[in-house]
């Protein structure tokens, strides 16, 4: 007799503007790994921990806001590389703050080595934490932290 | 006939001022895990990856400067939670910049949720990257990133 | 013989990002009334005064810009709760300034009690006025002010 | 046998410096309606809602402080056009914060279209909300908001 | 025997938010010429120099980011009037910096005569140069400069 | 019988401090073309459009002020590369503002890529427009814009 | 038969806080002449020019506001030494701006030699001009300037 | 034969705006002791040391200025809790500086824990010293310091 | 039969850098009393109130951090003259905040009369209160305040 | 037998850049009187008081520096309208400070009504005083003040 | 038979505005030694090291720019005391940067003890180094440093 | 008969944090000469002038404070390269200011070419002067200046 399988809890990975170009351009800043490869690594790491990882990228602030709102309903955690919108989007901040789903801010590059306007983040104060400068490993380190957080608070 | 064992490469973990109080005080900000426990977790994770993890804590800026200088000579990587000195110590920054050993800045709490003077870091621009806000997992996530970095560049 | 009825002049009510979540989230800041209820109240109040009230919400800055441009052509007045875009969107400001249709800026919460970056408004200097902090009544108070303004200048 | 009538709850309307000149001067900024007329309109609107509206004007910061203190004892709500003191008086702010009586800040002109020093308000953060730029209708819109607030919390 | 014609190299002209209203509104600031006319002039000037000029306008930051990314693949040069996004969009800056295609920033009005927030540009530091204040001639002057630049570096 | 020829209307091109070194020094910033060559190109372009182009260079702020005053009397337009004085000279600004002769500010390099103190211009707000970053083509583009402006307003 | 004498036009001289102590205290900053002596000199100089000079001093901002309002009705010119209120009173500024009576700001000491908070003046931008640093002669110099202004515009 | 008793030297205690509400309101910030009780404690402590303590409170800046001027004539020392005027009144500062009578600034609450605009004091630089944050004991501690100062300098 | 005496509760007095020079140097700023004398006075005053006063001085930030940590364990209250570290040490601030022991910040001189960088204090916001400018009496006044605080909360 | 006449003491009047254009340009800001007329008025007023008035104008900062140096040797007082150099020239400030000759800063227009960069003056802190906004009367008022100052200190 | 002597390599010493007054004025700041004496000392010290020292002084920014340009052609090193122009002249900075000749910035006084606007230097970032505060010895110390630099790089 | 030799007066040379690494690291910034070599050169130069040069290095701020205090007692002059502490240590500043021993601030690199936080110095305003950017010659140039200063004031 067949048992219905419980769907895996989801973790959403949202990539902001220009990250679709990853691996093709400015590889001295962002590294040579492309988004597909990062997503695949995250998918496997998530799966190993019992989560389904859903990855999306957009150049549109409004679309990212839509997705964060949806993530609050469908996911148990968010990894968000807001890219440029990190430094300019109060809308994205409000979307993160509007739900209970913990969010970790991720940056490939060390933003503190770059232009001053990249030092501030509208998102960080409403996120669980921030990981930056570790290249593609920023995402896996952030996933590590998110999973650790979830395991502490979600003890079903 | 006994062969001489090659000593493991070292990773130094340096904890700044007041971190000796970890787990006893302000647990709402810093969590309940104490320094000994964090060091032990890091030691095991390091060992599993083939590194010897050396942990030290000091309330003295000058002593931390001394240790960073020594780490550049003895270690292949540094995890540094500069705590309060993160925001005030140019001396520590200069010590980090004075060697080739990659350093990851670590914070237990999300500093961007706290007082404005904690938002700036003298250390971040000379570090590989920064991990903050993930509690004790900030250290393990940072170790993860450091190991990932070392594996990319040290292919002996 | 039946005369063709003149369509009512329109007032457009534009709600910015994350306001679709109204009543569900952060009710301590934004109150328990949802957008549908606010729109309905405004519709009735407008109708009583001889206006058709058209309500829209978007998380997309560009869409709000499109709508403000359209409102300048189709409506006689605008109520705009730019939400997060209030503080970051020069595009929205330029759209408001690009037409003659008077616009009142509305906020549910008292933005001056919140983070400093919410104290500035790119929109206010090109609006007729601003109403904030009165909860759902901010909208009706703003409608009151807009109608009063229209009655002074439109004396057909 | 005559029953003693319960006195109406009071709303105090406090006008700050130079508002005694209203309607005589700088009518392009402040409009042509004078203070007497505004007070009369507010009195009627208040009465219709079951409140006695008490109106006062002073050029003296200290006198406005005295009145706010008294309002906290005698009234259930305050409309305060602090005029110039809005931007300079911490004393007025402290007086508002020293009682439970809700206060709505009112401005005839849109202060955000004027000199930068008029953009900040010491009063706004301790008020319920702010209405500005709607001319004389700013007062009635503010009264509307105050009544709406009172009806939500005072359900005798 | 018919030879297959080599397609002309492309120059993309991207117009930002509210520029669709050109010639209809605020003609004292932006002049009376509409976008169609500007595009037509640019098309002819480009053609005369051996280029195909492709013109697009959007009120959406994300769409402009998409187009800049495409331009890097399809065009040899960009004229970009970011309008309001000039002053607020790091995303657009990152898109420009993410490719090799030279970009000239264009403004119809002299932005230095206007509000202080229009004096800064996120785009200028990653563009070849900036032309502002010459009305519709800003575009043709910028095209002139772009062609001069291309002729110096593209000597096939 | 010979008719007396009407002298051509003049355009003055004023070059500021250190521009006499053009083509010899810092060619990575300013290009390899020297001032003589630029002046010659402008002279020909001006002549083709029916103007006599008069070019001068000085390292002295006061001399540039004198020349701008004279240009207001003798010329119909000015191209001014104030160089360093762009960022420090209120005297030059006042001289430009003291006459009706339209002035276009020119920079060889893209000043927005350079030190912050080069981002501000005392001259720009009293000029017709600004062209920067196009190398020697900045001058010809600016001339193009000036001629376009003159043709719109001078229809003798 | 006796003709009724036309009363002299009035000039009001308003002295702000602590000026009642003049000549007694801090004579190194403010000089040894007391207010009575200054008023007497001004009275004679005014009389000689055909004006009645009315002098008042107050430590109360509100009283100074009242007097400026009255001066607009009764006088043809004001000399105002706002003293400390120069740097803090928007109310006084608004009172000056609320009438047509020209006002000259006066300071005994050279405020630019003193603390930075004395360098800014809320009053200066709405006054005819400012005289400071000439000791008691600041008042007579200001009167000179005011009379010169009145003679130019009042030519009955 | 009876000797005429020498009157006690006076210490004036001046309380600024809203301090009349002490003990009734915001007791979490200001404590439960009212002004009468504080004055009484100070009176006894002063008497024990051979001084007559005179206490006054006003919401009016001008009145406080008047009193400080009088204190310079009648008293040998001042305790001044300027409250809100501490942060806004240059007039009060000038009054303190205009005499030789030493003045100690007093605050019940620790102003450095509160809003940034309470961190600055116009009065402190012209006072002997500052005591804040000790509740009602701030006054007695300040009296202690004042007496200690007087005993060092007044040795008649 | 002798009873074992309960040790007195301790108050720690910590003096920061350069205070060992007290009484020898810059006596115009810091007075002529040396540290030994201040400590002795405090010891007697503490003893009279039933406390043992423990005094220490260090030029080393780290040592002061160590001592504050120890004081939290051994003492019931701290008087801390952080001297130069007041303005630069986040580490000292964190040490104070890391325990429950109330701390009063002390300064001999009136820091508000000195250089601007001495006006800010990292310590004040986490202390009970601040006493400054009363010379050696600053310490006794602070002790007075601390004892008053302890007597209110420790009523064994 | 003829006696040799003592030469009159000199007062130098130095006019800065663009003041040679006075009366011809921007008459709404600077008035219609030209420099010749102002100089003539000053010459007569000076002569009447027993001084020879020497007037000079230059657009060159260095020349003005030369003249101020000479004035310190030949004159007993200076009237200086630094015009644009008021706001930018430290050299002129140093020249004024380098001698004992009192200098009064003069402005025709009320600089506080103009651009913010005209609000600061490098010269004012080393001058006796400042007169601005009184048109041509600024010079005569300043002369009045200078003469008053000289009469107080030069009583030979 | 006489051999033709190789001319000595030159070091140019350029003195800025008001330094011609050295030794006569403000000797408390600048010392009693005059420029002639300083030049003579430098001439001897240079000669001893095998260099011809050429000294010039000007109050004119443009002249100093001219000389720096010439020095780049004729000299092997520059000592430049820009005096006031240090803090205001971008033109002088550009002239220094436009050549390869190393330049040492010199100040007689310790500029960091003086007004804040003297703390910044436009020249320092393009100079080899800076010497200030050593009086006339600043020049000889700077010469020492320049010679040391030249000896390291010029090994003919 | 043997005479007892007078010990040489001492000059202390204090090197701050990370200077122990000199010559090993970042030789592009700090040069190749190590501390030992610099000390040796200084020792010889000092000896030649009749002084004993004592050299010390520490990474500890407190230790440097201790040494400066001792130097005031044992030495006649100090050369201090505070390195990182130059920009952060008020304690070191206070130590310098606490004695009469003249101190010259030294930097190997030209700090004005580096990060903005290195442009400010807490030490400079209490030092005799500053020498920077001349490499190892900065020390010898500073010694030269110190000796020149001592010879002027110490004429035993």
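Chains here go by letter, A, B, C, D, E, F, G, H, I, J, K and L, matching the order in which they are written, and residues are numbered from 1 within each.
Following the convention adopted for this analysis, contacts are C-beta pairs under 8 Å (C-beta built on N, C-alpha and C of every residue); 3 or more make two chains touch, one makes a residue touch a chain.
Model, not experiment: these values are computed from the prediction.
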Shortest contact path, subunit A to subunit G, counted in steps: 3
Contacts common to subunit C and subunit E (chain labels): A
Contact-graph separation of subunit H and subunit I, given in steps at minimum: 1
Contact-richer chain pair (by C-beta pairs counted) among B-I and G-J: G-J
Copies subunit I and subunit J - rotation angle from C-alpha fit, nearest 5 degrees: 120
Centroid spacing, where centroids are CA-atom means, of subunit C and subunit J in whole angstrom: 56
Computed distance of Cα centres, subunit H from subunit D, in Å: 33
Between subunit G and subunit I, centroid-to-centroid distance (C-alpha), Å: 51
Of all residues in subunit G, the ones touching two or more other chains: 60-63, 88
All pairs of touching chains, each written as two labels joined by a dash: A-B, A-C, A-E, B-I, B-L, C-D, C-E, D-G, D-H, E-F, F-J, F-K, G-H, G-J, H-I, I-L, J-K, K-L
Contacting residues of subunit K [partner subunit L, same complex]: 104, 110, 112-113, 119-121, 124-125, 127-138, 140-142, 144-145, 148-149, 152
Contact set on subunit D toward subunit G in their complex: 16-18, 20-21, 25-26, 58-63, 83-85, 87-88, 117-118
Touching residues (chain side subunit D, partner subunit H) in the complex: 60-63, 65-66, 69, 88-91, 93-95, 97-99, 122
